[in-house]
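Two complexes are shown next, each including chain A; its partner changes from chain B in the first to chain C in the second.
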Partner chain A sequence: MGSEKTSVVKGKLSNLLSYDFFAVLPTTLVFVVLLIVPLITEFAYAFSTLTEPFSLGSIIFVLNDPLYLWSFIRTVIYIIIDISIKFLVGLIAAVALRQVKGYKILWGIFLLPYAMPLVPALYVWYCLYHPAWGLINYVARTTGLTSTIINFLGDPSIALYSLIWAHAWRFTPLWMTILLAGLHGIPEEYYESAKIDGATPTRTFFRITLPLIKRYLLLNATLSLIWTSGEFVSIWVLTKGGPANSTHVLGSYAYWYMMAGGNFHVAAAALVCAFPLLLVLMAIFFRILGWR
Partner chain B sequence: MVEVRLENITHIYVTGRKTQTLAVKDINLTFPHASFCALLGPSGCGKTTLMRIIAGLNIQTSGHVYFDQREVTPLTPRERNVAMVFQFPVLYEMNVYENIAFPLRSVKVPESEVKRKVKEVAELVGVTHILNVHPSTLDMGSKQKVVLARALVREPNVFLFDEPLTNLDPLGRLEMRSKIKELQRNIKTTMIYVTHDQAEALTLADKIAVMDFGVVVQYDEPTKLYEHPKNEFVGFFLGNPGMNFIQGTLEDNAINFGEFKYDVSDVVEKLKEYGTEFKIGIRAEYVKVSKKPFKGAFKAKCIVSEHLGTSTLLDLKAGDKEFKAKLRITDVKEGDEVYVQFPKEKVHIFNKAGELII
Partner chain C sequence: MEIRPEDLAKILAYVTVIIIGIIYLFPIFWAFLSAFKYEADIFNPAALIPTRLTLQNFFEPYFKPIFLQWIGNSFIVSAGATIIVILISVPAGHVLARARSKSYRLLSHILIFAYLFPSTFLIVGFTRLLGTLGLLNSYLGVILAYVAFNAPYVIYLVYSYMFAIPVELEEALLVDGYTKFDILKKLVFPLSFPVIVTGVLWTFMQSWNEVLYALVILNSPELMTAPIGMATLQPGESITPWGTLWAFSLVYSIPPLIVFYLLQQYYITGLMRGAIKAA
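Entry: the complex of A and B
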């Protein structure tokens, strides 16, 4: 009896080593090498300084740095305004396209900003915003809307919002596309049933359509949150954090410390400290949209 | 409680720049008040279009729809006060209670009234225990019941069903079928039921309109449709299996089918007006079959024998003519020689085009 039992155990063990073990090995390796190792490295950098291997110095430094706190706040502002614009414009565009019969051509046109590579797309806005020869200033002046020049990227009070607008412009088509897919997934019967039930178009939209595309909104919001919280490209292409550090966000702050300041530890600490932000915002989104 | 009257309804779908499809053609029908009527026909016969026209979801190309004496063509679905149950359960993203309350809240019924009515219909349909549940967790049958409750809560003039049982499993289908029947008896509202399933139509409806290619072929009570089909299409479409149709030639006083003859000496004068080619129609359950010879019987061979539980379905062949017979008890097996007779009172004679003569 006893020997039989051990042989069963042995059999299992050899099975594990011979097949199961090797089957999951590649996945595990990829997971460890690509995810766990960089993450641990990041934390290791954050919890050390240039001179001390184990120290809270970098963390304390960033938390005491007013520029870091401002970058943090600007990141939150960036995320909220950016997602609001994409949400509103994307939803309106998607709903409008849903009504149009030959929507595919229009959709293709609307998709152009997203089809453009990121840096040239942002450069379009650099040109549009330019105080001397930008189109927006030209139109504003010639139509008599303003007499002064608006320095979109040079005025610290509006530079951040100019950035956000350019960024939202680039990514709204993605929202629109995903929401449009969601809208097209709603069977016609829902609208007919609502009509028979006597719901007005407004009520139909808010009580029936919107709840049915909730999961698409949540998907968009989550992706935007992840991408935008580390936003760097739009800042670096358009303002490099200026003027007067007024457009630094977490991503550009960390990049600046790493590349210009040569301090990996502060850069890592800046991002590690921002981790909770992501989690809290994500929890809020999930709460609002009621993930099911 | 209204009588629905359709007058010369024609509907054309514009399907492309130059193409259009005639969906229903010059239809005249009256659905008496508090009756349960079915629109029965194969896919694409225009039955759903007709229902959508009654609902007001489509506006007919020409013709009139009346609810009692009132023409409702310019009215919206809501103004017509119709309720509709679709093929798949359309439930909104809110819990069952809110789903049922939705039509009432759409017209701003006071909340206390909403509560009372929802409770009332929930009990009637049997969904009281799931009022606080989100529909996504329900099975198809329960979902369709909630839809039924939502339709009922408004006390509609006309109840429309668009193949509501198609997406249910067989058990749910039976349950739902009896639920609908029970409701019809209790609430006495005009109900119109679209289906392609003849069993559903035969069991549920007081009157059935059989449709084909956009026209109503026959509109009658189920038993009359079953026993006296107006043409070959109705005969074959209704019943399981459909009516047998056998084609033969009129010779002297009988229709000759090659291997056997059917005596028509009493009506031969009338038949002569219609030419020489005829079809006789007989339901499978009326075909007399025996293993022993009997008076007036002809010989046939059993090709297939299927046991259906309470009865047996035989595929018989005499010469090149094939037909089916449905028997209660039989020991006929495949390959057996049998004797067959068509009882005179159950046989209908159709012309070559399939229109009923006698």
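Entry: the complex of A and C
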């Protein structure tokens, strides 16, 4: 009896210390130490203040801060307009590109905004937008489109949209590629039989193309919404949250409380209070993926 | 002469491609040309196509050894993160794809959440952890951040690729007396070469571009990565040395562009294999 038990334990132990165990050990450590521990730490910071170890003070502070609520709303505006631009321009580019001779080479060239590093790509738009010497204002004035100077990044009513455009511009080539890859996977016979049946191009698009790549597109779109909700770099490079705090989003709000304000508790509370948004988006993702 | 609808569609397609080309490519050309312009021409939009060019921006007093140091720092953290990510992800992706037991399944579920999670939302907790470990203001701190946020995607890539390798092949090798470690070395690593290249490309480019974690973790100018260092040149808009900034941007952009265009094929096929990070 006794020896049987020890052999079972030994079997379990050798199972535990098997090759499989050591193969996933580093990954498990990375997950636990570098993702789960920070997550718990962040919650601990959110539910405390600079003076009290257990308190809802930080959470109450951000929820009562109009700037925080606006940052939250702007994040939602940001991700929705951003994905719309990426999708629409990407789709137009993908459909047009397939009609053009030598499209594989053009495809590669069109990837340039995405292939170049992010910060210089945003500097491109900083320079284009500049009120004094930017190319857009120069072209608009010399062609007589406008007589006034458009201050893209300095006017609180349009600064956010200027940011979104710069960000969407950089990622449109990726969406063009996602769409081209999706279109590429549709068998040519479908289109041939549609043509024989006399279907118009619009009808073919809505009845064949779209239904076939719908799930693939929705998954990619949801992923884009999730990741862009953490957007920070475009704000940091182009406006630093200004003018008049009109371009702060969740990521930049937390960053400025953390670095300039030196209050990690408020920064953590700002991020933790946005988790419901993430969870909703993730739920949509899993729904599309077909999970219960 | 009558225009057929097919021809009209062709013409429309060409016009669209040209317009998109102007919006998406011309600004890059215009901006990078500033690297070779004299200061006066940069701030004069009428000199769209300049009459004179110069290399002086690359030899300005601003273009100090610290610039090369920043590029070097970017190389250290990007290469470091990439090597660690590949070394831990390939065995893990392989084992998770083959494992049947509950604990391994749980791990693959956590993996998907980690893959979805946007890194910005963990910045406070991660920074406090690094503070506790004494890793703030160090290369290792940044490398660990990039490993944590890129490994899930690479594991996922390897995991889904493993289903293309028949299990019978591995079982036959086990019967022949090979160890699982031999299988990893002789079968899994060579066969998953395409996804490893995708993973390398992905992790390297992400790390090369990353701003937020580098910004929060690195404070000393001599440790900064290139995108963070660049921003210290942009103090106020009137005195920003844009010529130097574009010269530096050009030097900073060339390595990822070379890597990207050499390995573009792997990237596209990686994309075809499923959803990709498209933020």
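Rule of thumb we're sticking to: the second predicted complex is superposed on the first by the 249 of 292 C-alpha atoms of A that agree within 3 Å, B and C clash if a C-alpha of one lies under 4 Å from a C-alpha of the other, contacts with A are read in each partner's own complex, and residues count from 1 in each chain.
The rule is short, and it goes like this: contacts are C-beta pairs under 8 Å (C-beta built on N, C-alpha and C of every residue); 3 or more make two chains touch, one makes a residue touch a chain.
Being a predicted model, the structure only gives us computed values, none of them experimental.
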When chain B and chain C are modelled together on chain A, clash or fit: fit
Between chain B and chain C, more extensive residue contact with chain A: C
After the two structures are overlaid on chain A, angle v-u-w for chain B, chain A, chain C in degrees (C-alpha centres, nearest 10): 80
Touching partner for A:E192 - first (chain B), second (chain C), both, neither: first
Chain B versus chain C as contact partner of A:T27, first or second or both or neither: second
Partner chain(s) touched by A:G108 [first = chain B, second = chain C, both, neither]: second
Chain B versus chain C as contact partner of A:L69, first or second or both or neither: neither
Partner chain in contact with A:L212 - chain B first, chain C second, else both or neither: first
Partner chain in contact with A:V119 - chain B first, chain C second, else both or neither: second
Contacts of A:R203 with chain B and chain C, given as first, second, both or neither: first
Closest Cα approach, chain C to chain B, once both complexes are overlaid on chain A (Å): 14
Where chain A meets both chain C and chain B, residue numbers: none
Interface residues, chain A side, partner chain B - complex: 187, 189-190, 192-200, 203, 207-208, 211-212, 214, 292
Of all residues in chain B, those that touch chain A in their complex: 55, 57, 76-78, 82-84, 86-88, 90, 92-94, 102-103, 106-107, 134, 136, 150, 154
Complex interface listing, chain A residues touching chain C: 19-20, 23-24, 26-28, 30-31, 33-35, 37-43, 45, 89, 92-93, 95-97, 99-100, 106, 108-113, 115-121, 123-125, 127-128, 130, 132-135, 137-138, 169, 171-175, 177-178, 181, 184-185, 201, 216, 219-220, 223-224, 226-233, 236-237, 250-251, 254-255, 258-259, 264, 267-268, 271, 274-275, 278, 282, 285
For the chain C and chain A complex, residues of the former touching the latter: 9-10, 12-14, 16-17, 20-21, 23-25, 27-28, 30-31, 34, 42-46, 48, 87-89, 91-92, 94-96, 99, 104, 107, 110-111, 113-114, 116-129, 144-145, 147-148, 151, 155, 179-181, 184, 208-209, 211-212, 215-216, 226-227, 230-231, 237, 242, 245-246, 249, 252-253, 256-257, 260-261, 264, 268, 271-272, 275-279
